[in-house]
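Listed after this line are the structures, all set down as C-alpha cells.
Each of the next two complexes has subunit A plus one more chain, namely subunit B in the first and subunit C in the second.
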Partner chain A sequence: MPWSRVPLAWLILTHQKRRFVLSLAGIAFAVVLMYMELGFLSALYDSQVALLQQLNADLIMSSKAKYTMAINEALPRGRLYQARAVAGVADAYPLYVDFEQPSWRNPGTRGSRPIRVLGFNPADPVFLIPEIQARAEQLRQPDTALIDRESQETYGRREQGTVTELSRRRLRVVGTFSLGTDFISHGNVVMSDKNFLKFFPSSRGPGPNLSRVELGLLKIAPGTHPGTVAGVLRTALPPDVHIQTKQEFIDQELKFWHDNTPLGYMFGLGAALGFVVGIVICYQILYTDVVDHLPQFATLKAIGYRDRFVRRVVLHEALLLSFLGHVPGLGMSYLLYGMLVRATGLPLHLPPERVLLLLGLTIAMCTVSGILAARRVITADPAEVFA
Partner chain B sequence: MSKAQAAWSEQRSKSAGVVRICGLNHHFGEGDFRKQVLVDNNLELPAGEIIIMTGPSGSGKTTLLTLIGALRSVQDGSVRVLGQELRGLANERLVDVRRSIGFIFQDHNLFPALTAMQNVRLAVELQALPAHARRERAAEILTRLGLGNRMHYRPAAMSGGQRQRVAIARALVNQPRLILADEPTAALDRDTGREVVNLLQELARQDNCTILLVTHDNRILDVADRIINLVDGRITSHVAVKETLAICQFLAQCPTFVTVSHAILSTVAEKMHQEFHPAGTVLIRKGDVGDKFYLIREGSVNVQVQEGQTIKVLQAGEAFGEMALLTGQPRSATVLAREDVLVYVLGKADFRAVLDTSEPFKEQILKVIFQRQ
Partner chain C sequence: MKLLLAWLSLAHHKTRTLAAVAGIAFCISLVFLQLGLYASVMRSALQIHEKLDYDLLLVSPDYLNLARTGWFPRQRLQQAAALPGVASALPFYTGARQWRNPETRRHLRLLVMGFNTRDHVFNLPEIDAARQELERPDVVFIDRRTRPEFGSQARGTVTEIGPRQVTVAGQYTIGTGFDFYGAAIVSDVNFSRLFEGISLDKVNLGLIRLNRDADPEAWAEALRRALPADVRVLTRAQLTALEQQYWAQETPAGMVFGLGVVLAVVVGVVILYQVLTTDITKHLPEYATLKALGYRDRFLRYVVLLKVLFLVLLAYLPALGLALVLYALIREAANLPVDMNVERAGAVLALSVLMASGTGLSCLRRLRSADPADLFGR
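Presenting the complex of A and B:
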C-alpha cells in the first residue's frame, strides 16, 4: 500500500477533474506571466551586452571617457602597441565602431536609416561569431560587408548578394551573421578596417587614419590571470585608457542600463503583478475548496483533529497546486519564448536559475493564498456541525 | 451479600456516570442580547444506556449536546464527561476529550472525494496505531456495519442509509464509551432510520457504550433506556424508561396496587426512586413529620410502635408510610430495616400529586389504610 495515511489534500484537490484542470490552468497562467516579464527583462539586458559577449577578448581596453557602449569615445591606437609589449599580453587588436554617421539604404523602399557599423582587421580573430570569422577573407574585397540577419525589418532585403548604399556609397552584402539589436542600434554591419576607413574617412577626428579605435581587445598569454595582467597594464599605460576584464566591462554596461532605464522597475512590476494575480487565483481555488468542505472540516475538528491539522491540509493543497501548476506554466513559457525569439529576435533564454526562482515564487504565491484560505477553516466552529 | 445489596450495587454500577452535569447554566450573546439557553440543569447518564433527549426546537438540546461533547466551553456549573471535568479546560484539552467521544450528525458530513474506507480511516488516524492496524480496524467496523462490500465506494455511489452507516462507523471506530448523536435518522426514510437505530442499540449493548441521542423522531423512542425532555433550557422530565418499566411490573404484583390501572402505575413508577438501607437503619421514626411513601423491593422491615416491640413485619411488595402523608399527622410508628432492604420511595409532593390526579388510586389507598386499621 503506497499511503500510510489518507492523502486528504490530494484527494480533495483532484476529486473534480474539470475543476482541478481549471485550477492548474489558472496557476499556470500566473506562472507564464511571471516567466514572460522576467524573460523580457533579462532579454533586454542581455541584448545590451550581446555584442560584448561575442568579442574574443580576455581584457577590454577603452577610453577613460567611455562609460557605455551608447557613446562613441575612441582611444589612440598606439595604446594597443604599448599593451602588446606588456608581459602576459598575448595579443591586442582594435575594434572600430560607429553608429552615428552610417546610414543604411533599404534596397526596396530606398529609405535610409542609421545603423551600427563594426570594423576589424580580417586577420584578427575579433569575433566569437563563426559566421563572421569564416567570411573574413571575402571582406577584404572593396565595398563589401556582412549584415546582421536580426537587424530590424525596416532595413529591407539582406541576403547575400544584395547591393545597396551605406552612407551614400555602394555596398555589396557578401553574407550575414546573427547578433541581435539593442537600444542604440537597430541593425549591425561588419566590414574590414580598410572598407571602414573608405566609408567613414573623417571618422575619429584628426590624426592619421585608423589611429583612433573604439575598443582594444586583449588576449592574455596562457597561464596568466586576467586580473593580474590588467593590474600590470594599468600601471604600464597612460591614464587615458581604462583596462577591464571582459566580465567587468559587461557588468559596467549592464549597470549603466540598470541605472539609466526603468527596465527593472517596469518588468519587475509586471512580474509582481503576475505574482499577485497568482495569489488571487490560488486563493480563489483554495477558498472555494475550504468553503465547500466546511462541514467536513468542522467534523474533523469535532472528532478531535486540531486546527493545525486542518491548516496543514489546506497548505498541502497549496503546495500541490504550486508544483502541478508550475509544470504546465513552464512548458507554456518555453513555447512562448521560442515564438518570441522567432518573432522579435530578443535573446530569450530559460536558465535553470530562473526556473528555480519562479518555482520558489510559485510556492510562495500558493502558500500565501493557503494561509489566507486556511483562516476560514480555523474560524469554523466545530459546534456548528450540530446546528 | 444480601439480595437487596446485590440489586442495589447493580443499579449503582450502572450509574457510575459517564456524564455528570451539575448546576449547568449557559448563555449566548453579550450585554442586552445575552440570553440564557440552559437553566440550572442536573443530569447523570449511566453507562451502557441509550438516552433520548427530546424537546421543542430552541429548547437548548443542541447546546447541551455540544457542551457534553466538549465542543463549547462550559460557562457555569460542572460537566464531567468520562471522569474529566470540562469546566475551565483549555481548548487544546477539550480537543483531547473529543477524541474519546463518538459523534454522529444529522448530515453524514463525509468527504465526497474519499471512499467509505478512507473516511473512516481519517478517524482512526487520530490513534497512534501502525498503518496496517488502522486499515484493519476501519475494515472491521465497516464489515460489522454491513458495508464490507461498499468499502471502496465514494459517498455519491451509496444510499442515504449506507452513508449514515459509514458516518456511524467513523464514530465507532475508535471504540468510544460515549456517543453523541444529533438527529441521526432525520435525513433517512422510515425503514432505514429504524435500521440505523437498531444498529445503535445493538452497539450500546455489545460495547457497553452510552449513547445520547437528540431526536424529534417518535418512531425510535422505544430504543431508549431513558428519556429526557428539555423545555426552555430546563430538563422538565427525566424518565428512566427501563427502570420505570421494572417498577411498574413490580407494582402490578403488589397487593396495594393490584387493582390500579397501568396508566396510574406508570405515573407512580416514574416518580419513584430507589433507596438502599442496611440492616438496622431506621427508615421512619415515630413522631417525625411524614415526607415519604415506601414500597419494599427486597428484604423486610420491623414496625415498632414502642421501642423494641415489633408489632408487624413487612415483606417485599408491601408498602408503608402513606398514613402520615394522607393525614398530615406525625409518624405513628418507627420502621427499621430487619435485614438489608431495597425500597422504592415516593416523595410527599409526588404522592399527593398522584392522589389528586387519580380518584381510583385514592380510594385504593384509603381502602388499604382502612383494612390495616
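Presenting the complex of A and C:
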C-alpha cells in the first residue's frame, strides 16, 4: 500500500531536524538558481518582442532588408497606400521607430541617455495600450510625448507635466504608459508623427523624410483570413517589402535573438549547471540517509521485504525532498523577480509553464539521485551490515 | 597524526566523499562561470581603450561609452597642448554605421573609429605599419574578431559602410566590445566621408599624452582648471571606473550578470555549508570517542579543519578544470573574451577555504559543549 510507505520516507527524512532543514535549503537554492537563469533567458526574448505584441495589426509590412528590429530599415510610405487599395485590407497605419539618434535628458541630473522613440498618427489606433489611445488627442499638440513608466531610473522624473529635452529640443510629457525595456533600449517614448519628423529630421538615406516608415501595420477586413490577404498583398506589391502575419513577424524576431546572440547560450549554461548542482546535492542527501539507516533497511530485507519496497521508500524520500525544497525555492525566486523588475524594467514573469517545468526538473533531479542512492541499499547483504 | 586521521576519515567512505567533492566542485565551477561572464562584459568595454595610447582622456560631458561619446570642439585639444606637462593632444573619432554584408546584402551595426594617420594613436603594430595605406580614400581596416555574420572581411572585399562604398585593405585585432559585433578603423578624412561629411572639428575623444615622469592626477587637475566645462578630463583609472559603472548599473546585461554572480556565490555558500555539515556530523561519534579518550578540543579542531581543507582542495582542482573548459566553450561559441586570471582563481580558492573553515568550526562548537556520552546515543 503506497500510503503506508509515505510515513516511513517522511520519518527517515525528518529524523534529524537540522539536517532536514539544511537539505531543503540546498535544494531550494539550486531551484532558485534555475528559476533565475531561465527567468533571464525568457526576459531576453520576451522583452525584445514586447513592443511587437502591443501593435494593433493583423499583418506587418516591413522592408525586405529589415531582418530584426535591432536594425533600422525603412520602407517607402507609398507602399502603405498601395496596400490600402488591395481587397481584404481594411486599413494601413505607419509606425516610425528610432533608437539610435534620440537622446533624453534627465530633468534632474541633466545627463543625456539614448532612448527609443515611436512615432504614429494619433488618429490611427496603432497601439493596443489603452493609456496611449486615451491620450492620443493631446499628442497632437506640438512638442509633446508620452513616456514609458518602466523606463530605467536613469531617465529621471517622468510624471505628467515634466518638461525636459529630447535630442536638445524642448519636450513636455503629457502622460505615461507601461511597456517595458529590452536589452537594446532602456526606455520608450511615444509621440505624433508630425512631432517625430520635427524632432528627428535628418534622413539616413535618399528620399524625403516621410518615407522613413519603419513598419506598416495592416488590418484586414472582417471575415477575411490573414494568410489569404497576405498572399494577395505579396503578389500586388513590389518585392522590396515583406508581408507577414503579426505572429510570423514576432517569430522572426525571436529567431534572430535566439540565433545571433550569446546571451541565450550563457543563461542556458547557467541553468544547466544549476541542474547538475541540484542532482549532486540531492544524491548526497539521499545517499547519506540510506547509509545511516542501512541497519534498518537490512533488517527489513532480512524480514522479507523485497528490494522493490526499499527502492520505493528511497524514491518517496526523493519526491518529498523535491516538493518541499521546491516551494521555498519558488517563493525566493518570486521575490527576486520582483526586485529585478523594479531595477531593470525587464519583463520578468513567473508563468505557470515555467513553474511546471522547474517542478518537473526538480523531481527529475531528485529521482535520478534517488535511484542512484537506492542502489547502495539493494546491494547490501543483510548479514554483512550487522557484522 | 592529525593529517593521517583526516585523510583516513575521508578515504574510508569513498562514495560519500566523492559526492561531497563533486557537489563542492560544481558549485565552485558555477561561481567561476558567473564571474567570468560578468568580467567579460566589463572587459569588453575596456578592450579598445587598452589599445589606445593616452595618459589622460578628454571627453564630452555626455560620454556614456565608446559608442555614445558626445563631442567637443577641436579647439580644446589645442588649449590642452598649450600646458607644459602635455606632450601631445590628439583627436579621435568614433561612431556607429551600417555595414552591408557583401554576400547576403544585410545591414549590421559596425563601430567605426577614425584618427589622423600622422599620429601614433593605437598600440597596434599592424595599424602603425599601415598608416599610409589608411590614407587612401574609402579604405578600412577590419577587426578580425568581427563576427562571421558580417560576411567576407578579407583584404580586397568591396562593400558599403553607410552611404559609401569602401574597400577592406587589411585587418587588426582588438575585440569589438559587448555593444557591437564588428569594428573598423579608418583615417579621419575617411571617417568624415563615412559620416556624411561631418566636421572634424567635432572631436569625440581627445587622447592626451603627458611628458615622461609627469603625474597624471596632477595634470588632470591642471587641465580641468584650464579648460571650460564643455569637456571632462579623465585619468585611465577614472575612465575604467566610469565604463564599469555604466555597464554594471545601467545596462540590463551588466545588472543581470552581476546578479548571477551574487546568486552563484550564495548558492555555493549554502551548499558548501550543507555538504560539509552533513559530513562532519557523520563523524561526531568518532570525535566524541576521541574526546572521551582524552584528546583536547584543539586537536579535534585541527582534524576537522584539515578534513574540510582536503575536501575543498580536492574539489577546487577539477572545478578549475571545468571552468577552463567552459570558458573555452564560451569564447568559441559566443565570441566573448572570457578568460581565467590568477586573481580570480586565487580569490575563489580563498573564499572557498574561508567558507569551509567557517563551516567546520561552527560544527565543532556543538561538539565542544557536548557530553561525550550523549553523542553516542543518536
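Convention: the second predicted complex is superposed on the first by the 364 of 387 C-alpha atoms of A that agree within 3 Å, B and C clash if a C-alpha of one lies under 4 Å from a C-alpha of the other, contacts with A are read in each partner's own complex, and residues count from 1 in each chain.
Simple rule for what comes next: contacts are C-beta pairs under 8 Å (C-beta built on N, C-alpha and C of every residue); 3 or more make two chains touch, one makes a residue touch a chain.
As the structure is a computational prediction, the values presented were derived from the model and not from experiment.
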Subunit B versus subunit C as contact partner of A:20, first or second or both or neither: neither
A:302 touches, of subunit B and subunit C: first, second, both or neither? first
Which superposed partner A:11 touches (first subunit B, second subunit C, both, neither): first
Which of subunit B and subunit C A:293 touches, first, second, both or neither: first
Subunit B versus subunit C, judged by how many residues of subunit A each one touches: C
Contact residues common to both interfaces of subunit A (with subunit B and with subunit C): none
Touching residues (chain side subunit B, partner subunit A) in the complex: 62, 65-66, 69, 71-72, 92, 95-96, 98-99, 102-103, 105, 107, 109-114, 118, 121-123, 125-126, 131, 135, 170-171, 182
Residue ranges of subunit C touching subunit A (in the complex, touch as defined): 13, 15-16, 19-20, 22-23, 26-27, 29-30, 33-34, 37, 62, 64, 68, 70, 96, 98, 105-109, 149, 163, 250-253, 255-256, 259-260, 263-264, 266-267, 270-271, 273-275, 277-278, 281-282, 326, 330, 333-336
Contact set on subunit A toward subunit B in their complex: 1, 4-6, 8, 11-12, 14-15, 293, 295-296, 298-306, 381-383, 385-387
In the complex, subunit A residues that touch subunit C: 16, 19, 22-23, 25-26, 29-30, 32-33, 36-37, 40, 43, 47, 65, 67, 70-71, 73, 100, 103, 111-114, 152, 154, 181-183, 186, 205, 260, 262-263, 265-266, 269-270, 273-274, 276-277, 280-281, 283-285, 287-288, 291, 336, 340, 343-346, 376
